[in-house]
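After the structure tokens below, expect a handful of questions from me.
Residue numbering begins at 1 within each chain, and the chains themselves are lettered A, B, C and D in the order written.
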Amino acid sequence: MGSFKGHALPGSFFLVAGLWWTGKYSLWHATRRNKSIGSTRLSSRASQRRLEIIESSVILFFSFVGMLAEQFLADGPRLQLYDFVEKHWEDLMNWQHATMYLFFGLAATVSLVIHTTEAAPLALDRLMMAIAFFNEGFLFLYHLHGRSMLDVHVASASALCCFRRSSCCFLEVFHRGNIILELLRCTLTLLQGSWFWQIGFVLYPPQGPEWDLKDHNNVMFVTMCYSWHLAFAMLVVSVLYCTVSCVVRSRLKRTPPMEMGLLKPRDRDPESEDEIL
Amino acid sequence: MGSFKGHALPGSFFLVAGLWWTGKYSLWHATRRNKSIGSTRLSSRASQRRLEIIESSVILFFSFVGMLAEQFLADGPRLQLYDFVEKHWEDLMNWQHATMYLFFGLAATVSLVIHTTEAAPLALDRLMMAIAFFNEGFLFLYHLHGRSMLDVHVASASALCCFRRSSCCFLEVFHRGNIILELLRCTLTLLQGSWFWQIGFVLYPPQGPEWDLKDHNNVMFVTMCYSWHLAFAMLVVSVLYCTVSCVVRSRLKRTPPMEMGLLKPRDRDPESEDEIL
Amino acid sequence: MGSFKGHALPGSFFLVAGLWWTGKYSLWHATRRNKSIGSTRLSSRASQRRLEIIESSVILFFSFVGMLAEQFLADGPRLQLYDFVEKHWEDLMNWQHATMYLFFGLAATVSLVIHTTEAAPLALDRLMMAIAFFNEGFLFLYHLHGRSMLDVHVASASALCCFRRSSCCFLEVFHRGNIILELLRCTLTLLQGSWFWQIGFVLYPPQGPEWDLKDHNNVMFVTMCYSWHLAFAMLVVSVLYCTVSCVVRSRLKRTPPMEMGLLKPRDRDPESEDEIL
Amino acid sequence: MGSFKGHALPGSFFLVAGLWWTGKYSLWHATRRNKSIGSTRLSSRASQRRLEIIESSVILFFSFVGMLAEQFLADGPRLQLYDFVEKHWEDLMNWQHATMYLFFGLAATVSLVIHTTEAAPLALDRLMMAIAFFNEGFLFLYHLHGRSMLDVHVASASALCCFRRSSCCFLEVFHRGNIILELLRCTLTLLQGSWFWQIGFVLYPPQGPEWDLKDHNNVMFVTMCYSWHLAFAMLVVSVLYCTVSCVVRSRLKRTPPMEMGLLKPRDRDPESEDEIL
């Protein structure tokens, strides 16, 4: 799938995942902060768990579809790894992409098991996600033997993004529920998604002229582009976060909570406690 | 702005920022330590907040000015990214510099929002700063295709400084208010500032002979220079810190605190509690 | 021992060690979690200590055997480091392998001392293991001067695995008893083991044709293979973990604990306390 | 001082520093652990402070001597940086070495200030040490332009050691008094010391034949040598630690403590509290 579509599709998935996670974590954080004002119906533990299960199922389904698509579409290897007649490997690119999907599938499976049963420690889902992202970056990095300069540059920027996200997830193993890390992960996922689209446009332009993959100025422009995508991702995450926060707050104010008088107003969440110094 | 002025200007901004931060954090730390002796008028939460807002506004203003200057001064691209007639990118260097300023502007905006409203978690401003510094280092690193040895060396030293500062800010997300990290950040900011001046003198000497950018001895000298700049920055920060500490202490002693008798004297701050062992 | 056996043997050791550790840590974690339901006979402190001592002795024994084998088998250097007649180093590969074994032996010795006497702080055994793994990766990395592309690739993947394990152990110095890190270490050990077998098959195929060590496609296949080994190791660890958990739970339910009524049921272990948010 | 002596001298300093620190931290740790049994005369806060002051003064003195020696001995630059007549830099190597000493001198000065006055936060001395080691590694790394393979290899191993020590010190900023980190730092300092001697013997053999600096086998041997030095340093540290522990314990048992009956026996220090699981 070394084509425009082959980059646009996973890019779209990452974009959707990034938006979804931003919404989810913003909602949870907002309801947590406003716990004293209103109710916690929106983020009770049972509903959180149900959400996680649905999310994991969806990821599992799409990574399964992705694996099948890589294997059986158009010019896929159809599960044949080595061509013993002509003595060469069959479509290694497709196999590598399928491997990437496999790891996301594994992560989703583990997450599913964790949230349906009590068998495994909770932090394991973040570790699995960290491994999946690391594996993606690792495969990206070795994708590149003997490619042209711009191609290498584009993919190493992508790998960089993967490794940063992987570190971010790994930190979440120890600092679970830290909204800063969660938003950072969302931003990097959005970045990855829009960057996949960018790669598609640069390497396989659907229309218009081909890019000169050896021009030095193109490398410099693409580097800058990466920064702009990051800025854009940050913008989207912050807008979404603020919107969700405002909506939650206004909703909770309208529904008069019964137990209002019994609670001490806590106008500051524990996260900002170090501000008092 | 690949010129002497183009390096001297941001260098001066960094120097001023480093000095300002050193003063600010020293003052806060000193007043915190001496809380029991005197009053906390100097570092009440409201005045801290006001200070942060002013600081963010100034940074926002200057990064906006910087972006405009990169675009519209002398040989700027005037917001034109691609010259479709001659088919080449317009002044990519200026665009890259404007991108750097953009991220500092974003960080300042977020900081402004955090400190005026209660919308976002406090630690976000440090994360934004970490991202801004990381972005600066990232762009620096890819500035360099096909330059001469000394040029590359000078800029990679600069990128190294950016990455260290970025890591430092990222650690502050988790250890907010740690004076050690804050002073380290100030030192690295001062280093960056004076190093920009050094780069200006080496690459675009305003007078006197050009440097031989391929001489091996020049590379070695410049490396050593970097260490000296670091030593100098450390010296400046420590002198400033000690001065502020002394002044605060003597001031607080002169104004007899009213509530003196009600407080247990705490002669040691919590930071040094691990010394007792 | 640059041969198939020379890779298969340590590979097998690593596989056994990985399986053993997975079992051990799963058992301890499971008994800890179910402490309130049943008894803690299975993981009393004394029995844990006895287990650690036996384990360390076994590792010490095998690393000693390994060192002897590298020195005195077939074409070993027999403790002679430099051939003064012909003026060249004797079998540096064997010496390097013996050095790797030496560090594992040292780690086992320290672990033995820690668990038999009270002389040293407990976390030292993890530090020693981190150093042993780091040393292994370090030697691997410098194994490679002037080898062919695939050879370098295979060994650097191995070194990567070593460094990750080393970091994992180092983290355990500070987060001892964290089941996530322990399972990660087990996974990486299994990966190392099966990867050693893979290296043996690639570089010294016991039968069939030689691999073309310069073919670009082989490099890409081997990269993907590494991911598959990782997925396989993750699968083995999770199956083993779940099995042990289930067995422990069912065992503990069958033996009616005497002190049942005196204990408050704790259905959730402290690890997952951050889920409530 | 690119000579045998020029490496043997700092090597000896590092060896002495490593031994001294091992002794100091072992003693403090041992007295802390046995606090309940006997007295704390050996490690009262005042005597600790006195020790730190003496240590800092000695380091300051020797780094001053080192700077002077680099400048004024035999073929030093005598404070002249640039030869304006012949237009070349004067003895940059000596200047670089002097810069390394300068940073150790700065660290010692700061440590002196911290322990004589109460002006600065305690953790600053570790940060300064981390910076000094980092600076040493940084200069080492750029020492190397245009040298032969073995020379580069030897010095990069040295820089690796510096960076590891620097990270170790930086961790101590946050985990002060952690005996594991302290012993690790001692080990790495000893390693640095003995490695300096090794560099001296390899690059400037005082007698016997020169080494072939381009032979691949020499590189492999030197790599292995590095591991052996590490093993040796670990051995020395552990022997010293055990000796000090035993001596302290036997001493404290002989002197019957007066306040014995007033103290609850604490047979386990807080460090090993995670062993209970």
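Just so it is clear, contacts are C-beta pairs under 8 Å (C-beta built on N, C-alpha and C of every residue); 3 or more make two chains touch, one makes a residue touch a chain.
This is a predicted model, so every value here is computed, not measured.
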Co-neighbours of chain C and chain A - touch as defined: none
Separation of chain C from chain D, taking each centre as the mean of its C-alpha atoms, in whole Å: 31
Centroid distance [mean C-alpha coordinates] between chain D and chain A, Å: 44
Per-residue overlap in chain C, given as positions that touch at least 2 other chains: none
All pairs of touching chains, each written as two labels joined by a dash: A-B, A-C, B-D, C-D
Interface residues, chain B side, partner chain A - complex: 28, 32, 43, 45, 48, 88-89, 92, 95-96, 99, 102-103, 106, 110, 118-124, 127-128, 131, 135, 138-139, 142-143, 145-146, 173-174, 176-177
Contact set on chain C toward chain A in their complex: 29, 153, 175, 179-180, 183-184, 216-221, 223-224, 226-228, 230-231, 234, 238, 241-242, 245-246, 267-269, 271-272, 274-277
